[in-house]
């Protein structure tokens, strides 16, 4: 009697709804993390006086504190200072900013691997700072780090469950909410875990393939 | 701020629990990482296959889901862990799965000749591991393990969601009672940050002690802090 | 066209240039020779604003590029406009590996000079035909030989219509059998254009053939200077004699 | 020990907690029903009643476990705690899942609204009347169920994790009202917040201690001592300390409250 | 002492050894020569159990090391005991970089033979003195030259008192001026001990000097075999003539 198949089947649609929210959080969060991280990396690399130091600390601090506590902070404290979003939007912003600290480090590694000669050639062609980043450095820097960024996307997908703590109604929330209505946790939690696996395993495999492809081009 | 002063002992008690979770978690992480990593590399299918499944499952699902499962679902299979045990187990298994890939990576990165040199001396598989492979692989594992440990420390905050009274849990409680939301969360953010910082510095020390070569080429303290390669240990 | 006066440059306590004075007239082709570490590359890099001098004045076409007389902080307004008159070809090509050959050449004219894409590509095709690479427009640099890559790099620099071209040992990273094709292109430029050319090279025969003047460099200073016939056939300075002897023997 | 007390040990929960001299109770830290003191110990109306009853049963101490309402019953069934003492209101579905003691607390429900009650919310019906109105509830709480059984659309319900966040949600405009027992709201009240009079169109309800279905013997023993407590002035003293009416609790039966829809 | 009969070994469709038969008597010193890829290293690796044959029988000192006659699955019981009679020196030394020279040599005697630490170290010091390294006991391999490292590797193999020693191109990773010191040690061993020695080498002069017999290998088979005087001075096989000509010309 431990596992109730009929019950398990009946909750799958609701859990799939939750999975869809999780995927949405991940997609928008990824967009934020990729763009913001890029900005942070470029600013830090450009040694812009005050901003650079500030972003250094930003990366350090975000990576040194738990996502859950950051989410609580944004959820509870920001409304007090007049910044208010729905839990979903708050969650997406928090996880996006959190991961931007990680992607910034990835981009930095990518930027560092662009040879000095590429910078010098850009100067020799009189490209402006923006043109240099846009046409020469970033295309090369990003290409090499696509797999590493991909790994963080998968990681974000899994970490988005933490946002359930600030009432973002994603996959895990759906599972616990089913639990509170039906008073059973076994099936919803197990199926939620399997759904996470069903997305993250193929994604990880895909990234591995991409990595091999980039390592041995053509 | 003054509202939360009476609750400071409670917060410190939570910090203690958080540190205890981290300490026990680190031990379990290392044990699991070596067990799973070494089994994964075994040529025996009945060892490598289960290790592979374990690693994929624990790296493929959310730490929080694992925690909820151990806490609320496992009892139905007759295994009833106290909350602290369920918590450190989830932390240790999850981070251990990442650590397993670190162990495997460091060992496979050794030159093939080391293993062959050891075979040519008739060392047994155990002796090869003990005297030749691990002493060389372990120093290489320290920086990535440092990152895993910082992750572990941060993930201890999740146990607050399954009734373990860690720092985050206590903070929520104090907040609910006093309403001093900003002060409480500000305080614990700083506490976590300091703890993570100290942990990283400690790992940096360990790294230098195990590998005394070329200190001037080492990255600065801040660079070393929170350095991380690909998450999936690749 | 180019004038260094009292230019100094150090890396740490390594005084690479000391009170350097140097003038190059418009249209002049000047070769710079000298032992490794004597500061030849540094001169070109200063002109390209890849390094900053510690003191002195560097002028190009009558306008200041660097003015650090009295050690004052460089005023870099207008620097970009001056630099635009200069093109440079590097020892290791420094092509953009993620762009086609055509885009390598057309990028800066579109982005910097504001040419239309069409005009820039037409011009790029012309230049690439001139260096003999019209067949490789759509290839990536990685698919070309070293000699071909270096010819693309020359076309890329020319696309900006510079008044001054800098060449820094552009053949020393090439396999011996590829050197000729690159030198042929430069020879052509030297003979058919009025560009000012500054050329760091170890190819003495080639330098003799195309240069109006040869500068012998040592320890950051010009120790001897004159037409190639004079420098190569009757060098005055003992250091020059020793240097030429060593280089010619190596071949 | 690494495993939970009770695992694999013979005997009922009653025997075990007697042997230990202590019971684990689930609470929510929602004054006045349940509250954590600065020293970490547990108090509040329901835990105080439960502690008094258990003392009469010869069990001197309680050990509080703070958990959200939604996981209280699953956690009880997973043997994470022995008794729910959180002011978990009785209703049909819950009474089907767990055993309740006789009622210990009876209470009314109110809305916390911005000062002046700008949207004039006084009943569930007034919420349903305006689809733009959003009401904050604790997921899995009694009020959550009450709104759902009256078919308030999901889009109008905002989930928040605890009482303090509910007040903050109303202050921040994330919700127009926060639906909670009147007394709970009173203890959370801050500037800028009004508490409405008791909402009429939800049934009156109340809570007792909650037990696993397999612990009928424990419930019987508990009820026996609870009856004695309710007959004594000590009961009045505990309930009035937290602002509840002891007579109201004496006036209803478990069967009545378990009949509440939801 | 060593006997291969009908041994086959493939990597994928690369048939490295084909039906190899080979006997080496106790105390015999045998050199193996032949072109790259002919399977020389593979023979030594089979003896060291670093590779597994696909078919055939390999015996050492009368006991089976590999028995895959009829393609049966190898029975590896007793293999460890047989392998213990064999020592091997690798092209790239394969010393343990985290241990001192002394510990490199003493490790296996303590762990495998169960010698006391003291005895093992005494013996290690003797062996290291023999190879001329008594001064470097406490150094790590990284602090030694290639030639010194290879001599440590020889001492390490000898510490197990093997009856058979395998040498796989032990000088080809060394700078030319360090080769002599390693060959001197091996020459000494060959002349003063009764060990069986199997030596893959490209040092023809050295092979001629110390070997009782030379095997010419090609495509996984022995195509010619005999005393060094015969193989080096009057090779019969056309392939041998060609191989020797190429090797000797290269010098």
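Chains here go by letter, A, B, C, D and E, matching the order in which they are written, and residues are numbered from 1 within each.
Just so we're on the same page, a contact is a pair of C-beta atoms (placed from the backbone, for glycine too) under 8 Å apart; a residue touches a chain by one contact, two chains touch by 3 or more.
According to UniProt, the chain labels map to these proteins: A = Ectoine/hydroxyectoine ABC transporter permease subunit EhuD; B = Ectoine/hydroxyectoine ABC transporter permease subunit EhuC; C, E = Ectoine/hydroxyectoine ABC transporter ATP-binding protein EhuA.
Only a predicted model underlies this, so the values are computations on that prediction, with no experimental measurement involved.
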Chain connectivity with chain B absent, coordinates unchanged: A, C, D | E
item	value
Set of chains adjacent to chain A and to chain E	B
Per Cα centroids, the chain farthest from chain A	E
Pair sharing more residue contacts (C-beta pairs) when A-C is set against A-B	A-B
Chain separated most widely from chain C, comparing mean CA positions	D
Chain centre separation in whole Å, for chain D relative to chain C (CA means)	83
Euclidean distance of C-alpha centroids - chain B vs chain C, Å	55
Where chain A and chain D are represented by their mean Cα positions, the distance between them in whole Å	38
Between chain B and chain E, centroid-to-centroid distance (C-alpha), Å	45
Chain C residues counted as touching two or more neighbouring chains	none
Contacts with 2+ other chains: residues of chain A	76, 80, 165, 176, 179, 185
Residue list for chain B, restricted to those that touch at least two other chains	72-73, 76, 172, 175, 181
Touch relationships between chains, expressed as pairs	A-B, A-C, A-D, B-D, B-E
In the complex, chain D residues that touch chain B	1-4, 6-8, 29-31, 35-36, 38-40, 65-67, 71, 74-75, 78-80, 162-164, 168, 190
Residue ranges of chain C touching chain A (in the complex, touch as defined)	48-50, 80, 83-84, 86-88, 90, 92-99, 107-108, 111-112, 156-157, 160
Complex interface listing, chain D residues touching chain A	69-71, 73-74, 77-78, 97, 139-140, 158-161, 165, 168-169, 171-174
Contacting residues of chain A [partner chain B, same complex]	2, 56, 59-61, 63-70, 72-73, 76-77, 80, 102, 105, 147-148, 151-152, 154-155, 158-162, 164-165, 172, 175-176, 179, 185-186, 189-190, 192-193, 196-197, 200-201, 204, 207-208, 211
Residue ranges of chain A touching chain D (in the complex, touch as defined)	75-76, 79-80, 84, 86-87, 165-167, 169, 176-177, 179-181, 183-185
